[in-house]
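Per-chain numbering from 1; labels A, B, C and D assigned in written order.
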Amino acid sequence: MDHASAQTAKKQETFPSITGRFACQVQWGDCDPAGIIFYPTYFRWMDAATWAFMDSVGFSAKRMRAEHLAMPLVSADCQFIAPALQADRCEVRSRIARFGGASFAVAHEIVREDGVTLAKGGETRVWGRFANGPGTPMKGEKIPDEVKALFRAK
Amino acid sequence: MDHASAQTAKKQETFPSITGRFACQVQWGDCDPAGIIFYPTYFRWMDAATWAFMDSVGFSAKRMRAEHLAMPLVSADCQFIAPALQADRCEVRSRIARFGGASFAVAHEIVREDGVTLAKGGETRVWGRFANGPGTPMKGEKIPDEVKALFRAK
Amino acid sequence: MDHASAQTAKKQETFPSITGRFACQVQWGDCDPAGIIFYPTYFRWMDAATWAFMDSVGFSAKRMRAEHLAMPLVSADCQFIAPALQADRCEVRSRIARFGGASFAVAHEIVREDGVTLAKGGETRVWGRFANGPGTPMKGEKIPDEVKALFRAK
Amino acid sequence: MDHASAQTAKKQETFPSITGRFACQVQWGDCDPAGIIFYPTYFRWMDAATWAFMDSVGFSAKRMRAEHLAMPLVSADCQFIAPALQADRCEVRSRIARFGGASFAVAHEIVREDGVTLAKGGETRVWGRFANGPGTPMKGEKIPDEVKALFRAK
């Protein structure tokens, strides 16, 4: 994402969101021969952070499964600001950047234990439901106002 | 990446690039409980495709190692257009979207065997060199004109 | 697997199996800061090789899904013989080591392009079926003689 | 690993080891279309658990890097006892099963939050040192008695 679109993204964060927090650590196998984190690892973390964020407001993985809910991706992006090394402890801080009708955008910031921001990313997802569980057709659904309210900062 | 920035990206593809081709296949372990590809897999593919693209113009992994060359990421993004299933055979088509002084942008298109575009992504990378091999400090370098020429379509 | 159990495994290879072949290549992101393959990569390859082996005798991923077939793991092991580097092209050679009633063992050999064996591994799996597709209960089933025959060397 | 070799492994656990504890959680992307953990994930965890175990006795990743220490794998195995689902919180419990001259075996047990053992695995590794950091030749070394003592239960 270039500077212009980063500005755009910033402006789009109009939803007054709570912040989810997901703890993670860079493992040996998450790093590449340059000795730093292999970048798809950040996307694995962002995905896990979004699931943890949902869980924090009452939508656990178990409930998502039981209610056939899904949140497939539309797009994802990440800026890599500082390199991460094996054993670095980090936190992914997630906010709802925007709620659309059937889609929503999550902004993630990956912050190292010492407060340094390593990366900033975003995911745009659809709120959807499987007709009859995983593997069956999935359709986007209007995000209920009750769900949106769960993410609103008091 | 939103529509505006996608337009911006499109406009930035001013370099007349050759196209690299990287074959891949969706494996069981690349898919998630929804039965479709887990999205960080696309970024793993894009990274591998960029290395293959470099190899195709004479910069093999072996040469990169020997010359202490590196190409760390500045940013990466992907739009997910159609879902991929286990066993789908795909090709990542890569072009140089833009050459800067010490950085370059690669545009990737992931196309399924039947011609359907599954995803479109991009990576911005720095062209750099380790002081003394992996693990030692890395500095960006001006991309030599000879390197740029290797990617120019005839 | 120690020497004694390796001997045991060897002796168990009494089924006259055809050999499946799965091509793969070590990617940048498959390697760790030591500059060699991160060992779980071999298990990812072995899993993919088993699916490709099944496909080669008529049990494609699509058919497996349609018939609710599954092949969950009982155990897996691997001996690492020589290190693999980024860009190494390899082949996983797979054979049925043993057919039990509802289980089967696959022996894998990972061979580099130049003929050097990098690793030898094995998987023991159950042949099973989901009651009603993924996510529903799975039960082991007697492996049909017709299935066993597909893997028998002529 | 079959029953016989599991027995053998058990008998080999003659070193009176302390127990390392590594916390982990099954993520969406760690699961496959069957809705359960993709088995190479256990090996990723076992590797991370061994690094954490080393860290717990004073050999942090940073120290390992600084002293050019390495612990490449000879073999790895795992028995899968009960399936793990997304969001399951687990602990990898690691012990030194055996110290050889220049090699050592780590026994891992993966236990779910509710006390159920999901998997039991093992790794055999060499204790070694890079001539001059990652990427340079690595040689096995006699494991110092002082290192062995760090893992001995009081």
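Simple rule for what comes next: a contact is a pair of C-beta atoms (placed from the backbone, for glycine too) under 8 Å apart; a residue touches a chain by one contact, two chains touch by 3 or more.
Everything numeric here is computed off the predicted structure, so don't read it as measured data.
When you average the Cα atoms of each chain and compare centres, the chain farthest from chain B turns out to be D.
Centres computed as Cα averages put chain A at a distance of 30 Å from chain D.
Measuring from the averaged C-alpha position of chain C to that of chain D gives a distance of 22 Å. Shared contact sites, meaning residues of chain A that touch two or more other chains, fall at 28-29, 33-35, 38, 40, 44, 47, 65, 86, 134-135.
Taken as a contact graph, the chains are fully connected, with every chain touching every other chain. Contacts from chain B toward chain C in the complex involve residues 27-29, 33, 35, 44, 47-48, 51, 55, 60-62, 65, 85-87, 134-135. Partner chain D is touched in their complex by these residues of chain C: 1-2, 4-5, 8-9, 33-36, 38-41, 43-44, 47, 65, 70, 72-80, 83, 124, 130, 134-135, 138. Contacts from chain C toward chain A in the complex involve residues 28-29, 31-35, 38, 40, 65, 86, 133-135.
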